[in-house]
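As structure tokens, the structure follows; a few thoughts come after it.
Going in written order, the chains are labelled A, B, C and D, and every chain counts its residues from 1.
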Amino acid sequence: MISFTCDYNVGAVPEILRRLAETNLIQEPGYGEDSFCLSAKARIRQAVGCPDAEIFFLTGGTQTNATVISAMLKGYEGVISAETGHIGVHEAGAVEFTGHKVLPLPSHQGKILAEELDAYLRRFYADEACSHMVFPGMVYISFPTEYGTIYTQEELTRIREVCLRNSLPLFIDGARLGYGLMSRSSDLDLHELASLCDVFYIGGTKVGALCGEAVVFPAGNAPAHFFTTVKQHGALLAKGRLLGIQFDTLFTDGLYFKISRHVIDMAERLKTIFQKAGIELFIDSPTNQQFVILSPAQMDNLRKEVLFEVWEPLPDGRFVVRFATSWATTEQQLSRLEELLSEC
Amino acid sequence: MISFTCDYNVGAVPEILRRLAETNLIQEPGYGEDSFCLSAKARIRQAVGCPDAEIFFLTGGTQTNATVISAMLKGYEGVISAETGHIGVHEAGAVEFTGHKVLPLPSHQGKILAEELDAYLRRFYADEACSHMVFPGMVYISFPTEYGTIYTQEELTRIREVCLRNSLPLFIDGARLGYGLMSRSSDLDLHELASLCDVFYIGGTKVGALCGEAVVFPAGNAPAHFFTTVKQHGALLAKGRLLGIQFDTLFTDGLYFKISRHVIDMAERLKTIFQKAGIELFIDSPTNQQFVILSPAQMDNLRKEVLFEVWEPLPDGRFVVRFATSWATTEQQLSRLEELLSEC
Amino acid sequence: MISFTCDYNVGAVPEILRRLAETNLIQEPGYGEDSFCLSAKARIRQAVGCPDAEIFFLTGGTQTNATVISAMLKGYEGVISAETGHIGVHEAGAVEFTGHKVLPLPSHQGKILAEELDAYLRRFYADEACSHMVFPGMVYISFPTEYGTIYTQEELTRIREVCLRNSLPLFIDGARLGYGLMSRSSDLDLHELASLCDVFYIGGTKVGALCGEAVVFPAGNAPAHFFTTVKQHGALLAKGRLLGIQFDTLFTDGLYFKISRHVIDMAERLKTIFQKAGIELFIDSPTNQQFVILSPAQMDNLRKEVLFEVWEPLPDGRFVVRFATSWATTEQQLSRLEELLSEC
Amino acid sequence: MISFTCDYNVGAVPEILRRLAETNLIQEPGYGEDSFCLSAKARIRQAVGCPDAEIFFLTGGTQTNATVISAMLKGYEGVISAETGHIGVHEAGAVEFTGHKVLPLPSHQGKILAEELDAYLRRFYADEACSHMVFPGMVYISFPTEYGTIYTQEELTRIREVCLRNSLPLFIDGARLGYGLMSRSSDLDLHELASLCDVFYIGGTKVGALCGEAVVFPAGNAPAHFFTTVKQHGALLAKGRLLGIQFDTLFTDGLYFKISRHVIDMAERLKTIFQKAGIELFIDSPTNQQFVILSPAQMDNLRKEVLFEVWEPLPDGRFVVRFATSWATTEQQLSRLEELLSEC
């Protein structure tokens, strides 16, 4: 079977496994004070172009979202998100568990619009009863979004402007950050992205690592004692080296970007294969998650050799399905998929 | 430098690294539904002698404690712990963050006494104002404790009896479980331990893994939807295989116990070295954490080549220091320590 | 000035003040164990027709909602509510503060539909990813709703059936319960309402009391140690008699219903006055909150003598405004309003 | 029966009931924006000598403690309290419910010592592992304490100095503040007390009101949007006038202090009666709670006509019992007690 179900269905890129083996017996302090973490942080500071950035390594996305959001919100504040945002839908209420409401904005293929954010905030502050309501305390977006789409530099700049006018920190969930940055449609690089938000993270789990997300506070603006907050949220590894080694490897010789570019290349090839086969795109995604529309017959036929994820049923009896490429996706796998599609 | 600071200062046992490499390209589902997790659970069920046991893999100890405790307590309940318990002291308030109080009992070298637990419960229920107080909702102990000590079968049985009489689940923090079970002083095996509690975990991080704790509900008594609770707490890895592979390896051919026995052998040798050198033991610990008393001069001398952890100052100017052995501790390291001590 | 801004802009009905004065020096235990609370509970048990009902007195609506909801939900569950529900909009995130998400359903003039609830639940359980989402744990409705509307017996019965099929407790926010029951459009009495839900409360604050809401668990199905939960939420009064005396008075000789009927009579008269004056109703509300549409000129004119609440602007430049009647609303006040409207 | 069980076993002072009746029909806005609240705040500002003070009215003590504490702490902080402090023992874990740990210091008849606070803080910051622990975030004391004792000006000043050196806000629980200030042993007045802390509250419930506590931020230093936090905690009354009227009455013509002085006079008389009767004082309390030691025979004898609270058993078979005076305690009641004691 060939699996396109997700970008976390195999292990880590070989460079990471090799480095774990090489460093295995080096004795280092725990809890992220090891030399690998220090080196990784230095490399990331350089990659994001922020010499004052503060960086923390956590293990997974839901954990990172809840920890960052609850550390940055006041008790009476909530976090604004597209109604399709990962924090509002697929994190089992992790944000609410920390005591905060997720304030939904309309989703446009996963994205929020600056003007709708602005209108929401104007309405909120104009409401005489607003002191009885949850105050907006930060804005959460994902890049790429849950639908594989990405913000342009102009869109992000305009959202950021609304945030600044309203003193709202902007948080970018970068679980698949590399794929957004390496997308052929992207006009943003990592320096620019870092300069357009208050905090973001560089996803490792879905971009070639075994686990790990690197939270970046570009201006050295981490909340006081954020280390302790990380510990309190159960997000601190005793063997912090596991994260340090991985991110140090990913940010050596641009490996993170090379992986991402390969994954995008495979996704573009995948899209071409679908288009050639006359398969309709549900969303014209510029990143590694491709959403296409298949009939039940097509799905049954493919399933003999291929795994993919059913996203949602359509009224006409067909289905939206998701195919994701990963660091391990190969030309051979795609060629076989192409053959199978031609037989459908 | 030779480090005895802790049991998490190197990577994983070679068997784990090898297995990670071998399985790296096998495509598997995420979130713990991979075949490695399934296999690891089957092996653990056998090792604990509980065919109905439900098992969950989390990444670290603080996370595991907070997730298990908050899932098992009612809103109005707290968790009883020795006042030196890890959850009450060194987890940055992770339990309180979930809304629950830690109810302290006196510590006897890290252990609680069944009779003091019983007396506490009798006093609580006899108090006319008890409905204005936090109800005891479960009992937390660690095995071994934070001071390296272990409960005997009789002690544990008596605590369990008090728990059963009061309908209180008993939770055993086994972050270093292997060292407790393999201690030369232990009269408990894993089957017996599993039969004497309602939930416990088998620590991986500190017993040879890169990360990971295996939570075991021996009677298949996991709280409803515990998977979702794990997700909500940010404790679910997308690449759950990372934990499955490690525990599957640790529970193949008794590796977990072999590692633990080596660590105990090294700890016993360490204790002998201290005793020969006339160094006073602060606690006669039967596990891998050895607490000894050193003078400032001795500490300075050792520090040229050896790392250890200062635990606490004594009134006489000397210090309690902790030496921990790990899977990577070697005879050579101990021999060199012995030489250095003879020079002090 | 005549105020129609809300139903909490004066003090209590005279019977309550008189009773407070008469009982003032009687020595009674604190924390709700006084004889007034016991008597009030007995009277309420009779009024709701549930001899086994468990009853608790809390001080206000937001407090009651958060306390009941968090006591009845498991950690991984959220509460379903109309998107206009008070708990989702105007309680400053009190439910989220206790760790739970409010799961919104579409609002139909404040009401949810049984079929939409059913469809939501079917979709949820059919979703393969539902274990990564917040589980529905109970259903919250308000009677009357935030828009003054009420459920018919059939509507409520059908909602209840969906709840029972899905093992979801149904909670009715009765902050203005009396107005719903005494509405000329209502086909439900208190016995029937109590039999159609798992928990509800009888609002005192907005129905003639100084403060106070009586939570009723009709089947004696209060969560274990709910008293302690009330205390933990800061919802327990030391002088619980303040609530006991008020509810004992309200449920003596049907005073609660008499007050409610007067308020409804005044509201119906108010509606007639608006209709005669050619004022458009925004919602044809059957209870004490009347929502009408006024032009800015009409609003300016009225404001010389009358207070009311601006609800929301309309696209055509006019405004939805709310007029509420209360126990203290008089015929004279309404006659004066009628005169003023004739002058607009 | 004559009850000395507590200071909340009758209703309110007559002046409050009268004022409630007089103002009953005056139409006023809800949620504490009524003219009575405004007037009460102005009077309290004058009484505390802080023209910039911000004042909020809440209904009860546990509610007030949890709301103030959680609003002032960062997520990673806890609150320091005497181990006998009300928040740590008799509030059903209300502080922990908001996510924060109560950090206990030794109790000296209910009081903490400045030097022990100082030593605790020094030890905390000297601990290398402190970033894994709950940070001290504020200091809570009660005045009078749960044992009726009071801090001298010097003691309070020294505690405050330690707080200032460590940037820790000092919070004074004044549930019975009047009795502390009017105690014959007190060398503090309300101006001084207000100048020696960052936030405190003036208890109404136990000093003649039906309910209500007035939180005072002497320097206008309330946390941002504290009103919304109060709402979120379910601590905001719709008919806020109930609290405004009571505090406006209590702070007109010094009524609060007159009530308090009467209660203290009765308590001193009570103490004299015990001493004359040869009854041993358990604590020589300078306020309205008197703790004496009675034999079972004495208790049985008194119980025929007198109610009191059993505090704790003593090893010798006798019991500590608490007698409390209140605004309604009369000379006649005390004379009858004296007679009964002479008969024991």
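Heads up, the rule we're going with is that contacts are C-beta pairs under 8 Å (C-beta built on N, C-alpha and C of every residue); 3 or more make two chains touch, one makes a residue touch a chain.
Note that the structure is predicted; figures quoted are calculated from it, not measured.
Ranking every chain by how far its Cα centroid lies from the centroid of chain C, the top place goes to B.
When the interfaces A-C and C-D are ranked by C-beta pairs in contact, the top one is C-D. If you average the Cα atoms of chain A and of chain D, the two centres end up 50 Å apart.
Separating the CA-averaged centres of chain A and chain C is a span of 42 Å. Centres computed as Cα averages put chain C at a distance of 33 Å from chain D.
Residue positions 75-76, 91-93, 97-99, 131-133, 228-229, 231-232 of chain C each touch two or more of the other chains. Within the complex formed with chain B, the chain A residues making contact are 1-3, 5-6, 8-12, 14, 17, 20-21, 23-30, 59-64, 66-67, 91-94, 97-98, 205-206, 210-211, 228-229, 231-239, 241-242, 307, 328. Those residues of chain B whose C-beta lies close enough to touch chain D in the complex are 75-76, 78, 89-93, 96-102, 128-129, 131-134, 310.
Of all the residues in chain B, the ones that touch chain C in their complex are 31, 70-71, 74-76, 99, 131-133, 135, 224-225, 227-229, 231-232.
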